[in-house]
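What follows is a set of structures for review.
After this come two complexes, each holding chain A, first together with chain B and then together with chain C.
Now for the complex of A and B:
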């Protein structure tokens, strides 16, 4: 019997489940917009480029955790790099996570207002953060258990909606399939589209709950492969339905695609409502994971602070910030501005810690 | 009794003229009309007394004879005692023994007494279960007598590996509590945890297992912390499954711990059916749970908040049905659900002869009248009836009550935010469940972490023939103790 969360052990299946939930939370709203705007054709190429790159990042990240088994990324950074590490990595990570939460809530708030609850005030919908605070304050065990149930509910719905979306597509609209000029490499939106591949960073706090942190990249790969058809669907379903040009003019191409699905045998006419409802489960879980991570990071800096209060403070700060988000344009820009940040954290953060740890090891063995 | 024998017997007693036991007992049981202390003979010029509560102790174990004593007055003397081996106890032990229905044999000046097992428990015979009926399976249930219940379990599990840890709980009621487990199968940590928790209970009295459950898991909130059952077959199956069972004197309901949310959807009968049928029945119950919780909320959401979600034809039919109804949908729904809950509650509490009439009047007459009066729509009557029906499918009575409350919570969410409100309420319920622990184990077992390791997974039982959905849904990795 386990008495404290410090003794918790998570299985690779559970990490896989969490990764799927993270993919679900960040893939559906801005990602299709970025990819469709990044290039004119061969959308699968910019999608596919980031996949192996993120796998390399996740491998680096798991190597970093494996060097200091039983510790979270923040404790490792503090121990290896001291206050320099905190300033260089932990503070940017907290900033990035907090921004991710604000963007995620604001984006979904906008989508909900546009699609299903036009008259409901934004401050009510933004209250979803408090559900996430409630979940996060239960600890990682509670997050994982909830994640498994949410996964069982939301993933089949997402899969079914993607399959339903295939019913009225015109494959010729996706041409040319293989031709590319590499134009996306010079487009900022291509780099912004890497935001959905940052999922393994969310394991910075929860990576310590396994006996084999060096293998944490495996559930990430498995989740990427399993979710890949849905990621392709978010981009290609609108393109193959409306065409690339028209999709480019839509604010939310995938939501518009959901709106266009009609089958006489479907009891539910508005599939957008179903899609958004199931997506909210991904969002709640990912927000809780982010909150848990931010609080774990803050604990490294403010040692004696009460966890419960930290959750409430972070939740309140996020809630207040989302209410000050001025427009949908700002959300798009925010993700673009954050691209250098998350690329820095995806690769440089684990790499720096690994290099420093190896140097320290060498120093110890050859004093 | 013969004088020689009497002398041998009385040698066991200790004497302290300052604290005579008889006087102390008479003082303690002063004003207790059913307490009696009678002189039943003498030895070595010492008078021998029998003290007992006549309401609890039976005289079947004692034989008396009458003889003429001094002055030719008739005297009643104790002739013999038939029963288990007697013990000797001091005042606290004797007081406790009298309260348990035993009889104390002492002299007028002894400070200790001989405790005779003359207990005559008042209990009803074995009957069919009242709350867990099955079509196929054993047809008897526990009763209120602790030892009878232990015997029923022992009859089904004829092994010395069945262990019982016993204590009393309650400063005044001194209720006997037993923790049953199978050695080498049940997690020793779980046994330790439970026994420690029970030992630490501070209360005046304990009447029922539900009360005990609350004392053991004070933070469980709305949901019951563990399954309670009155079926010996379910108890023995749970013991084989590595769980512990808590039996209480005075109630036919035992606690099977630790509890998982999914256990509440398992009927005792499921194990006696083929797996496919068992899975079908559990799916049926699960669907009923979903309908019970979400149907009224969904109706409110699609008729008042997210009108465009539904097919136009259904929306038009719902709107037509509501023509003339003066209230918003959520008021109409709450009104109907509240009335239905009142009918259900009345049906349960009233005597059986009247309850069917009340149900008839409430269900048929009131239902018909309420539609004709344009207070609620036809569609809502169908929704409410389905909701009530699906609530009766729940195996566990405690969980049925929880569902009755939760549907109002979801209805409130749906009235406010439509389908999104239902999703939020669903999330809150799941999060509450995920934060709960029953006896230190995840309430969402088999979903880990902290899920309970099954006994068969410990390799102690060999191939388990017991069917459990948890085997099929073993998504969480069970952890070895």
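Now for the complex of A and C:
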């Protein structure tokens, strides 16, 4: 399988599409749980805080990619920081991406098994990784083209489901709207909720396919703004329907919200199944993007290795790991444990590379 | 040749890979399942629970589906818990018992008075039942409701659902309550449950008796169907098919909109409710001359007096079925939410109704010349 990515140039619209897919894959399941548990009221405040922070992070990241146009983040790190950079940033990034894949597959495995396929064994559902391996091995071209088609199917469905979710909402349950004690700042779940704002890190490998990597923050901002109503919906639809108190007692508040929607005129009775099926498209695409990125990172370290085998090895390692995930509780905890880790990668990683590059340039101009 | 073989092999692999794509495994086909549509839970004398399940049996004219020519199968079973009783039912069946299509849960009123949580908790924990299942309390024995055929036909097992749904037999007084609403009001300290109560009827099998109001998971009292109307008005859940009588006239309430204003004065909740009703005249008994202002005044007085009675009763029993506590979410600190039942008791509630007769319908003009002989005969 030859990579179709040679000489490929991606447009900003395609980057925008990829970012939407990434948001779709990571926003609907654990995120509402983290936000609802992070604070007692004014949920939009912890949601909104991370948005500008991640926009700043994406700007830093695109500045880093702009240091050497046509190279991915891993090559840039190696060029600027050498083996220190590999140990400090690339290895943690590989670890983070691999953990993200394990958490993503396990979460979806659990949800599918809970909602639509209760008798299907976990090892069959986890096999979704092989679809992503197949897709990723076609290169970034295949991922992007597939992503655009998936986007056309799943995004309108997500939008329609959010609009349908507006039934049975009572706005008084969202009060107080403006009051906050800042309690979430002392809650680990608030920091764990930043996991959905790491999408720009997923472009570490694909960022090299544009002539203007310095502008990559723009599609990220556009995707964040477009997806923001859906992100608000993941938290507020359950809260305004069930109340914050009951939502806190639900493992998957958004799935339960989908379960509760009933309209006489609605032909589809099981909206949860529709939602999960459309969300699977987001997940498959994001997994492919992550696999592509891990393989790109490994290639920097193990230069001579065959791409095809790297995809199979990473896919097999991820598949095996997901089967060892002990419980849903572990998945929730895993994202919490990873939060200092992804915050480090969101900000310190691009910042360190940019600072190092500035120092190098200054040294060159003032030897 | 080698490339062609390689391609064929790849194509073969892809075709094989499409087989498990549906993800189906250990499938239980629809004809191997028994779909429960109503679940009844009642108390036995020895502190155990008896469950009732009603399963429609699909059949066509050409081939009898099953049973003894009946359209449904009813099973009852005693157990320590609902789940235990359901397991015992499974021991008796040749097909798989499927609870995912349950449309209604009938809960014994005696159990509700002791607390519904131990008997309904299973439903939400294991996603065993749909969250939009309707919940109703049953006063008296459940046997007849499960054992006898519905006089209007089985209707694929949704007869009980249709009884409540606004698109079918539902009216404002029937107060449709979903399973998720029952749990929401249980978990939320700022509101309480109001669940419809049904009782036996020799012809229609069951009829509405009223609505049971709760404190926590225990039923503590009952409102009449007329009193339930106040709940519908205050919570803006009015279905536009209610008939109210005043001055011997029947009116239909078309629209209802209530605004709740909440504030805290000196540690005491002060609640002002302003409701607007739009009505139309349905029947002016004995053809009396209609004075819209007077009729509106009568309706206002009638409903306000009724509302005062309902507020007094629920306040005395600290059961905020009107969800008024939710309006205090921004006025009370979260630490005080648990004290809401006591605060509700001491709350000052001012309910004012403003009704408007939109039209008086087509009127029969009583002109003597139309039928003088009848008029003369009357004299």
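One rule holds in what follows: the second predicted complex is superposed on the first by the 363 of 367 C-alpha atoms of A that agree within 3 Å, B and C clash if a C-alpha of one lies under 4 Å from a C-alpha of the other, contacts with A are read in each partner's own complex, and residues count from 1 in each chain.
Note that contacts are C-beta pairs under 8 Å (C-beta built on N, C-alpha and C of every residue); 3 or more make two chains touch, one makes a residue touch a chain.
As the structure is a computational prediction, the values presented were derived from the model and not from experiment.
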Does chain C touch more residues of chain A than chain B does, or is it the other way round?
B
Where does A:100 make contact in the superposed view: on chain B (first), on chain C (second), on both, or on neither?
neither
Just to be sure I read the superposition right, which of the two partners does A:121 touch: chain B = first, chain C = second, or both, or neither?
second
Quick one: is A:321 in contact with chain B, with chain C, with both, or with neither? Answer first, second, both or neither.
neither
Applying the touch criterion given at the start, work out whether A:112 contacts chain B, chain C, both or neither, answering first, second, both or neither.
both
Considering only touches as defined above, state whether A:41 meets chain B (first), chain C (second), both or neither.
second
Should A:256 be classified as contacting the first partner (chain B), the second (chain C), both, or neither?
second
Taking the superposition on A as described, I'd like to know which of chain B and chain C A:284 touches: first, second, both or neither.
first
Pick one for A:234: touches chain B only (first), chain C only (second), both, or neither.
neither
When the two structures are overlaid on chain A, which partner does A:224 contact: first (chain B), second (chain C), both, or neither?
neither
Which parts of chain A are in contact with chain B and also with chain C?
112, 117, 120, 124-125
Of all residues in chain C, those that touch chain A in their complex
20, 23-28, 127, 130-132, 165, 167, 178, 180, 183-184, 186-189, 323, 326-327, 329-330, 334
Chain A touches which residues of chain B in the complex?
187, 189-190, 193, 305-306, 308-312, 314, 417-420, 422-424, 427-428, 430-431, 433-435, 440-442, 444, 447-450, 475-477, 479, 481
Seen from chain A, its contact residues with chain B in the complex are 1-3, 8-11, 13-14, 112, 116-117, 120, 124-125, 128, 131, 134-135, 138, 140-146, 148-150, 209, 267-270, 273-274, 276-278, 280-281, 284
List the residues on chain A that touch chain C in their complex, please.
40-41, 112, 114-115, 117, 119-121, 124-125, 127, 170, 172-173, 175-179, 241-243, 245-246, 249, 256, 259-262, 264
